[in-house]
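First, the structure itself, so that you have it in front of you.
Labels run A, B, C and D following the written order; every chain starts at residue 1.
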């Protein structure tokens, strides 16, 4: 880690974080990306816009979400664990922070419609929600396999007035939904904003989404101060594309806190990936020996992504953040642990981070350390799946 | 000037509109025969699609073809080996997504293309801003870097993109992914914007799926690229002679 | 309405609100009720306890929940509608406010275990949650029919470490679960607190639960002031037992605001009931000509209760609050309306209140009126049911 | 002193332990015959349960019986009509939940009980604090208001409750709902606490399900109430002679 380096500031003018990031999109989308970039730069430096974004997050989405001292888990692990409660944000995860920002931006750009990709449906539901609030038309692309696995989320989006398009191409999962959303965007950039769901895609998305999620980290830093905890020894978050992790890391990037991102073993772009270009960005990707993208497989749909946001690739390369993987087999136990000890059923995604903390307590996490867990979402969406898994086991 | 561009300029000077059919390499075991048939049918150059798992700017037809080809085991190496048996002598242009070259190694990719008789490459997701190194290695191997200009490309930007494009400029007829269409869309405006800034041959692609549309596009440009319509035919089981007939119908319309 | 009367202060020393309320329980439970009453009086006047209760609601449950201006619904209806967002509280409804208070009280009383009744499972999940947090044992009684209809909520409670006991007696629904919890309580008052889920039951429960829920109304009054709205013209809440309504009414009982409670037509204790005694209280009950309690039938399990809290019976009798009923047929449309216009999928219970506002806008609610809707819970628990109903219709 | 208490005091003075079986009125069409059989078997008084939809303090057996009786259409009026055919002359005590009387009308209820030969009423969910009006109307109709004392009742409270109880004091043997049990639980302590404050006859109930337990309870009190065990028998189809035998076995144990 370079001494005196400043982390998580802006990428370079072409959207690079070190050698990662950039804008690898068809020429047809360049203008749209530039439009988003300029609009966001303009909006983000406009106090009125920022105020409106914060006001909506406050009045509509329930921010600030609290930081909860996890007393019983802490005793159990011999640590001092605090949870940043994104599960309490409207629609049940941090995804709302991003979509509130992007839909407000879409409106500011004069767009009448947003499109989005979704895997399990969390980002889709969040986008449909934020679009409904503003009266924007909304179309969500979702791999056909996922529409079947997550049919209730499909219905939720429809209730919110969105159109859900099952994606029949490729592996019919999240990465194909991104492709399809890009394809759609080409045809309708005039009136449509592509509301990308994580810190991925072409510049300015990785940066913009991180900025819109950084409210997590800034709030948490202030709240830990208020609790008298100060800077925690570790900040731990699960990583799919990496938006909740980026959001919470942003509050601690330039403190001594260890930043730890936890991927699913079956979607471990840092652990098993190599540099590559996909979905508009250069980053770490899971790919075969010929550069064909591999499908990710994880118990948690939200981590089922073969890539990772480019800034994370950079944070990994630079050593500022560490990334580890947790296998499916450890996730259910972690979900049960948090549920039973703290009365919080976390999302399966979040349970990866819990599992890692439990595994490393007293090992790479020294006894008595203060740990901030980003509790990215609630597990309600997952309970049917968890039950099926536990039923199978017994 | 790279060899590809020299050849294509010569073609234009001959007064002939360029007909550039697109093939997905490895889509059938005899795909190279299809290429030859296209040349017999009147193709002036051939686009060789190297299949990628995530063809972001392609429509359903080419997606399906790419997937099928990948399942048959197509790789850069295999398709270049296949090309060794190509009997026709015609300019070849590779088309693929950047990750394929990025992963194979940029220098190695350019060298491989050159060694296989491929004189240019279209990498639709490699924007001009990210293309510096790729251009550098292509210069070393006499591989032309072909860029697209889209209806959404601003005029300031057309100047830069067109200037960077070698061999020809790919004028996208519409804001759409590859596929079939009913008109030539914005082709005239796009070609005009390119002509205003450079004299590189300018071919129209995206949606040129009938001889009629090829004729229209040919009238306002230097040539056409025919992709999805041909790939559809092959997916549906066309043999070499059907490919030849298909290409000939476009040739006829263009002449 | 008596001039100068003060509403929603304490009941008389025997727990009466006018002629309603009281303590109609077996002698075996009198001591336990007295213990709860004394413990609560003591705790509620102990600044430390109140602070702890507020701290947990803040740090764990996400209070204060916001007040959201519903701009698009407002334009649609020609009103100014604001929503108090109990759907954003941990576990997805106002139920958590009550159980946090009661579990803290249980601990203070030295109890090691809590029991609860539940219908759809919301109060059960909330109780299991609050119990897990404190390491209290938890048993939830749930009508056998409801355990089948709401199997995922059964699993949720189990994940939280609770034991769910299917109740086989009577109609096997909520009212029987209350009976069964009372029966259980008789056998274990020594170490067990009965965490009742609404403003019902024997004294002190109706009063205590109202007090624990009154944070809703007090917060909302302050938030409406901050928004420059001041006292709204109407405060509208759905009513099952009546806890969310009591909670929000408490902030406005002594203002000029019209207080309106909306029951399900199939569980309308005010509209179709008559005075009676059940579950430890004298209140309004749906009963047949012989005084046998009738089963309630509603699309929304949370309103499926044949009675109403005694304070509501009193507020109805005194004219301070008005109660109306909404039939199943209007509920789904109201849920869709709020979802599409505001990006908030409400619980079916809450949708009753929405339906009434929509129905009365421009009629008994004058154009331009300010309306505070208590958005008691989120609809996630209901989407499968709503889908089935819409599928059936089409 | 109301008639019921006078009779029961007299019974106690005679040195006989009171045996009070409990019946769910209307459980079978011939339930009144069961009552008569019980009297032949040695019952000194009979408790007549008026079924209620929500029997909060009853266990599964009486719940089931109440539900069955309700399905057969039992009401206050119907059961009082049935009682007109009762040939045995024995003190009768009603037992039901307060809503039944509340809904029927308190005065009307008390009058009806009296007119039907019922001299007392146990209303388990009517706490002393809420019983004022009920006591008043019962006074007008010579209906004794019987209260329960539970193991959890504080000694201060026992004084008040026992003093208010007429006819007898119902000493609850345990903290439990009606049902069968293996011992007499806290009966001795509860009876003792009652005896310390009044001399009203004190009967033990809740879980007295065998002659053995009845004997034990009888030793420390003035009588026993036998509920669930008998109701179970009837639910299982016992006829009048089986009821008589059953009651006789308790009689035998008590004497």
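As a convention for this text, a contact is a pair of C-beta atoms (placed from the backbone, for glycine too) under 8 Å apart; a residue touches a chain by one contact, two chains touch by 3 or more.
None of these values were measured; they are calculated from a predicted model.
Listing every chain that touches subunit C and subunit D alike gives an empty result.
Separating the CA-averaged centres of subunit A and subunit C is a span of 35 Å. Remark: subunit B and subunit C have CA centroids separated by 67 Å (rounded to whole angstrom). Chain centres here are Cα averages; for subunit B and subunit D they lie 97 Å apart. Taken pairwise by the contact criterion, the protein chains link up end to end in a single open path, with no chain closing the loop. Chain pairs that touch one another are A-B, A-C, C-D.
Residue ranges on subunit D touching subunit C, taken from their complex, read 52-60, 63, 67, 70, 75-76, 97-100, 102-104, 124-130, 147-154, 157, 161, 172, 175-177.
Those residues of subunit A that touch subunit C in the complex are listed here as 58-60, 62, 65-69, 72, 85, 87-90, 92, 128-133, 135, 152, 155-156, 159-161, 335-336, 339-345, 380, 383-384, 386-387. By the touch rule above, subunit C contacts subunit D in their complex via residues 14, 22-32, 168-170, 175-176, 179, 182-183, 186-189, 274-280, 282, 285, 287, 290-293.
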